[in-house]
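The letters A, B and C name the chains in turn, as written, and every chain counts its residues from 1.
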Amino acid sequence: MDEGLRSELSKQGIFTTTLEDLYNWGRKNSVWPLGFGLACCAIEMIAASMARWDLARFGAEVFRPSPRQADLMIVAGTVTKKMAPQVVRLYNQMPEPKYVIAMGACAISGGPFKQGYNVLKGIDRYLPVDVHIPGCPPRPEALLHAFMTLQRKIDQQALTGPQRPRHLIAEAPSEFPVPEFGEHDLLPPKNPEVWQPPVMVRGE
Amino acid sequence: MIATPESSQYELRPKRLADGSVQGDLLEVSMGPQHPSTHGVFRMDVVLDGERVVKLKPVFGYLHRNHEKIGENTTYLGSMPYTDRLDYFCSLTNNWAYALAVEKLAGLQPPERAEYIRVIAAELTRLQNHISLVGFLLQDMGAMGTPLMYAFREREKILDLFESLTGARMMCNYMRFGGCRCDLPPGWLEQARQVADEFPRFLDEFEALLSENEILLSRTQGVGVLSRELAVNASITGPMLRASGVNYDIRKVDKYGIYDRFSFRVPLGEHGDVYDRYMVRILEMRESLKILQAALREIPEGLILDPKAKLRGFRPKPGEVYGRIEAPKGELGFYLISDGSPKPYRYRVRPPSFINLTILEDLCLGHHVADVVIILGSVDIVMGEVDR
Amino acid sequence: MEPLDQIKARIEAAVPGASVEIVLNAGADGQRSLLMDNPHALAVARFLRDDPSLRLDYASNVTGVDWLDAVIQEKRKVKQVIEGVEREIEETTEQRRPGYLEAVYHLYSMELKHGPLILRLRTGNRTDNPRVPSLTPVWRGAEFQEREAYDLFGITFEGHPDLRRILMWDEFKHFPMRKDYVEPNDYEYEPTPHDEVLEKTKRHYPA
């Protein structure tokens, strides 16, 4: 149905849409985050939900304390190896469809604390991440931009066909294995199904 | 420890004894690390008898980012941005403590204007830390959002000042060894004076809502009482110590910087409960405003960096030093051992929040679970500092 | 506060058998510290806390330091006869100093508002005898900090009420803050590697 006919009809009070658009519109405008702040980026996340930059007008009205009622996990702050099993466990407890935003340099790849024996170099070693926000810490406006990017991503998801998202594919995993504490490091150090290190081709 | 009907050891219903009391089993609950009120990734293993706490063991290390090991592999100046991320609310006081320790090690002396700028920055940091803390404490008590919204509204004004001064809202990285990084931009002093003049009205509004509030009084008075002797023996510092009645403020004892030029009082509490800690912080904010207004009036012109300070190739002589300041949360100290190379041999942070947690179990015994959350909120911890 | 030599003399008078040495500090601050021997450390600590003119009731900072085996070179001027003429030349003697772990305590007084006094306790060696007495019975504030020194350095504090790991997970085997700790090898992806990080990354890609 082309746009001209659609706008003509809407002037008469008849709104037309597809099931896909309606479904995605409902989901993207009511994404409820899990209240999960780890470190300094958590303060910017709280500031983004305060009166100056209001996150509630995008639909993230309440930060749910329980993972069973949330559909977005904003990993804000450094993920350490001691905390990583809990993060994966929380992700497993969230019901589908679920999204992950990696906020801050530490959640993307370890950040300034990369040379550390206790710092996990990026949460995407164990979980699939949808949006990455660089910054240390990113401004609250960057978090709002990331939220809008996530909303655009949800809007473009198809309901049928091979491009459909993970929660509509019956065989795709929705729970990921929880790493265990080893003697020197976590076991396994990364999840190969989720993350493959990009192969560096160096000139020298 | 699952009770089944076949096991004779545990009964499904609590037994009623001869004197009328009820005997049940103890319940072990792990609060955290993901919890709406635990101020970050902090876990407490609490053993409960009904609703009362019998044993409490704090577990942390979930944010251990090996700051000290990084400090040993980085130059002295390169560690300055890492000190921002220790107590991420108060980055400017962290910077000052580190700069003070290194200046003691190398024998540098910052000029007058730099000292005044440092005092202004530290008192602004103290203001925004204390109001954020009161906001979080009230949120833990159940006032979901409103005091926190008011607090963050004022905090944004102070963060705007920091941003125009240093370039960043939270991770300021502003102090250098021998002074400050850059001078005040034009118009900053007027903006700061405006913030300092509007703040007392905001504090009056805040106090009118909170200090005589019935719910606050009944939930915080008599809860989490800390005695003087235990506070001193357990190395507690900061507003928590002064709420128990011990007069020890490092700004008055060590007189670092130029604090001996300002006249301010040190508020002390009588009972050592959560209400005293809340009131001590409110009163400290008013004293900070006095220092801030005096410093904004008297700041002289001049250099902001010691001419003898070397920023590149900085190699202090071998030796060790311990430098400390009164951070908003307590005594923040840096212990540095230098062996003549550009990187320190041993770099140690003395974190106030970590040590203030020593007596958490003593404070919480016998209270309800809901009080544990409030007591933890009044201890004022930041996990970046506890775990480093 | 009294000068350090006077405090040392009073400690040796009050606690018989205690051997206390003064450790120098070459930095600009110049604050010297007292090195105590392990068997009498607890008694000396109690004396320092309860003595009316010292009243050091506040243990501000408790930390561990790792000193590896080192070779100390000392230069001395010696008179020697060379070619019939007596001259003064510099002679360098090398001394092997075995490594040890050290616990450093910074003490202040809240009552008398003076300080600091720095105490040091040394272990025998780094490998099989890293034990020092715990001063937690005297100053409760040392409890968590001694646990941290145990966790990160491996110094065992005898008499500590609850000595277990505090910052790392319980199954962790090594002591991370020691100078000879090797960190785990997870350098597969480094966006901008250089120097030693580049070496560590290259090992993941054998080609």
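As a working rule, a residue touches a chain if its C-beta (ideal position, glycine included) is under 8 Å from a C-beta of that chain, and two chains touch if they have at least 3 such contacts.
Model, not experiment: these values are computed from the prediction.
Centroid analysis (C-alpha atoms only) places A farthest from chain B. Interface comparison, A-C versus B-C: the higher count of C-beta contacts falls to B-C. In terms of their C-alpha centroids, the spacing between chain A and chain B amounts to 31 Å. Mean C-alpha position of chain A lies 46 Å from that of chain C. Rounded to whole angstrom, the centroid-to-centroid distance between chain B and chain C, based on C-alpha atoms, equals 27 Å. Residue positions of chain B with contacts to 2 or more other chains are 61, 64, 66, 69.
Under the contact definition stated at the top, the residues of chain A that touch 2 or more other chains are 82, 115-118. Multi-chain contact residues, meaning those touching two or more other chains, occur in chain C at positions 167-169, 176. Residue ranges of chain C in contact with chain A, taken from their complex: 167-174, 176, 181, 183-184, 186, 188-189, 191, 197, 201, 204-205. Within the complex, the chain B residues that touch chain C are 60-61, 64, 66, 68-69, 104-107, 230, 232-236, 246, 248, 253, 316-322, 324, 331, 333, 335, 337-338, 346, 348, 350, 354-355, 357-359, 387. Within the complex formed with chain A, the residues of chain B that make contact are 33-36, 40-41, 61-67, 69-70, 73, 81-82, 85, 88-89, 148-149, 152-153, 155-156, 169-171, 383-384.
Residues 81-82, 109, 115-118, 121, 181-185, 189-190, 197-200 of chain A are the ones touching chain C in the complex.
Remark: chain C residues 25-31, 57-61, 63, 65-66, 104, 106, 110, 113, 116, 118, 139-145, 148, 152, 165-169, 176-177 touch chain B in the complex.
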